[in-house]
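Take this structure first; my questions come after.
In order of appearance the chains are A, B, C and D, and numbering begins at 1 in each one.
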Amino acid sequence: MDVLGKSRTYTFRVRYAETDQMGIAHHSNYFVWFEEGRSNFCRDIGLPYGEWEKNGVFMPVVEVHCRYKSSLLYDEPVTMEVFPAERGAATVTFGYRLRHEDGRLAAEGWTKHAFADEQGRLIRRETDFIRRLKELTFSDKSSADSFKPAQTDAE
Amino acid sequence: MDVLGKSRTYTFRVRYAETDQMGIAHHSNYFVWFEEGRSNFCRDIGLPYGEWEKNGVFMPVVEVHCRYKSSLLYDEPVTMEVFPAERGAATVTFGYRLRHEDGRLAAEGWTKHAFADEQGRLIRRETDFIRRLKELTFSDKSSADSFKPAQTDAE
Amino acid sequence: MDVLGKSRTYTFRVRYAETDQMGIAHHSNYFVWFEEGRSNFCRDIGLPYGEWEKNGVFMPVVEVHCRYKSSLLYDEPVTMEVFPAERGAATVTFGYRLRHEDGRLAAEGWTKHAFADEQGRLIRRETDFIRRLKELTFSDKSSADSFKPAQTDAE
Amino acid sequence: MDVLGKSRTYTFRVRYAETDQMGIAHHSNYFVWFEEGRSNFCRDIGLPYGEWEKNGVFMPVVEVHCRYKSSLLYDEPVTMEVFPAERGAATVTFGYRLRHEDGRLAAEGWTKHAFADEQGRLIRRETDFIRRLKELTFSDKSSADSFKPAQTDAE
């Protein structure tokens, strides 16, 4: 999976509730972590996802994939890399890599998202808001500062 | 905890994802099961909770309690008893008992709910809809049949 | 994804706790449902997964995929088809299809599993137990009855 | 609920997956957060819970309670205060307070734990290890530094 936009890195620890009786983090939680990474990513480029929904733009998940390489354990510090990976006409794909503290790859995955309105209907037309979202997401120099003037210009 | 309304019983199995590395069902899941029991209870008395929300009546949780007596294990069949336990001016409390297949008590708990509108503001005034909800919930002879004429009468 | 073994069908309802603020079932839960389907499947062919672990055979997830076609809503009855889809040297893949009550496809996915021992080390050698698991899983006429004599024969 | 030991404070953000269709954090997640707070607390006093389990001491939950005062929303920064609240013969109780960024109380709760061995049998006898756990937990000057010499002394 190619890294098209700037990659950002977050760390977290595996919660006890996220383990299962095999003694490892349950595989369904990886998608919750990916989502938290995406959420941090959007906040950090100056576009908190909460703002999207207030603008009537929802980002439902349309497809996901994950490959598990090495189990993650309770309380283990995990490093998660988040990056924009594909920019479709009506979709955007994020990629993720999870690593143990020593740098070994624990898992890698991706999630593909559509843009939808509040009723869940796909937004196929690229609105100003979505264009800016995509530009910002895939820009190497993305920042809240570079975004705000653009927003002003458009109004 | 007194059983004020008719008690109803449901069975389910503990999911693998609900276990933790101690090899037992994680304690937070009990509230998800209680909620599913409440949901079944409301559907079975003819008042699916989805209908409440469509009528602008939400039932946020304001207080919960659970006592864990004996661990529940993966794939174990669990029997859950659900019953209305307290009827306040602006709240309703449900009680729950979980049992192993052999009848031994595994846990007991309760959840107290307020009535709120879509914006989360408490509904303090007892509307026709809420009065009927309470009557039906605490009635021994509650059924979809006894509810439907009452609804017609009130309109 | 090809259906190689006998397909089995289960139904369940979306729990309230499984919804998110978009008003739909959160995408991470689909893997919990797939797992419950797998668990039911194994029990129904006479090989409850709990027995595997007691035999020292664990089935960690090594790769997953899901395509979401149409959102699932709270309390909606969902039909889940579970089927063995691929039989590798050291892995087994299950496929899943979720449908709305009217038959429309809601999602389809697969999960690939390795066989591991209690310490999480892959079992590369095909033991008698694993061979029987695979045969039973991929058999069209799989049943508890057809399994039990085989088990006896092998001992 | 009295604060008997030193209180410690942690912050986190509400995950999207933790919201429900009411648009607020689902009540079951509070117990997952409490547990994460407990986990941080134990690590910060020099006694990571993972070490307990390696010493054969498990801390199953025997009773919980939570009062929800004001809903928590997606991505909201939450402050959680964790404190030891009660020290029984064979149990320990932790208290928790969750606050919005502006200091308003969002929820308060407690969780009561027993000490058990790997098979889930209660440890009624106060072992050296458990005595030290309790001392450290309820000590005002608890720290990894004050703990380590004590551990050395005992050996």
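FYI, contacts are C-beta pairs under 8 Å (C-beta built on N, C-alpha and C of every residue); 3 or more make two chains touch, one makes a residue touch a chain.
Keep in mind that what you see is a predicted model, and the values were worked out from it rather than measured.
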Considering only chains that satisfy the touch condition with chain C, which of them also satisfy it with chain D?
A, B
Taking CA centroids for every chain, report which one is farthest away from chain A.
B
When I count C-beta pairs in contact, which pair ends up with more: A-B or A-C?
A-C
Once you find the CA centre of chain B and the CA centre of chain C, what distance in Å lies between them?
30
Between chain A and chain B, what is the separation of their C-alpha centroids in Å?
35
Distance from chain C to chain A - Cα centre to Cα centre, in angstrom
28
Which residue numbers or ranges of chain D touch two or more of the other chains?
16-17, 21-24, 28, 31-32, 35, 74
Note which residues of chain B are touching chain D in the complex, please.
21-22, 24, 27-29, 31-32, 35, 53, 58, 60-68, 71, 120
Which residues of chain B touch chain A in their complex?
16-17, 19-24, 26, 28, 74
Chain D contact footprint on chain A (complex, rising order)
13, 15-17, 31-32, 35-36, 39, 43, 48-50, 74-75
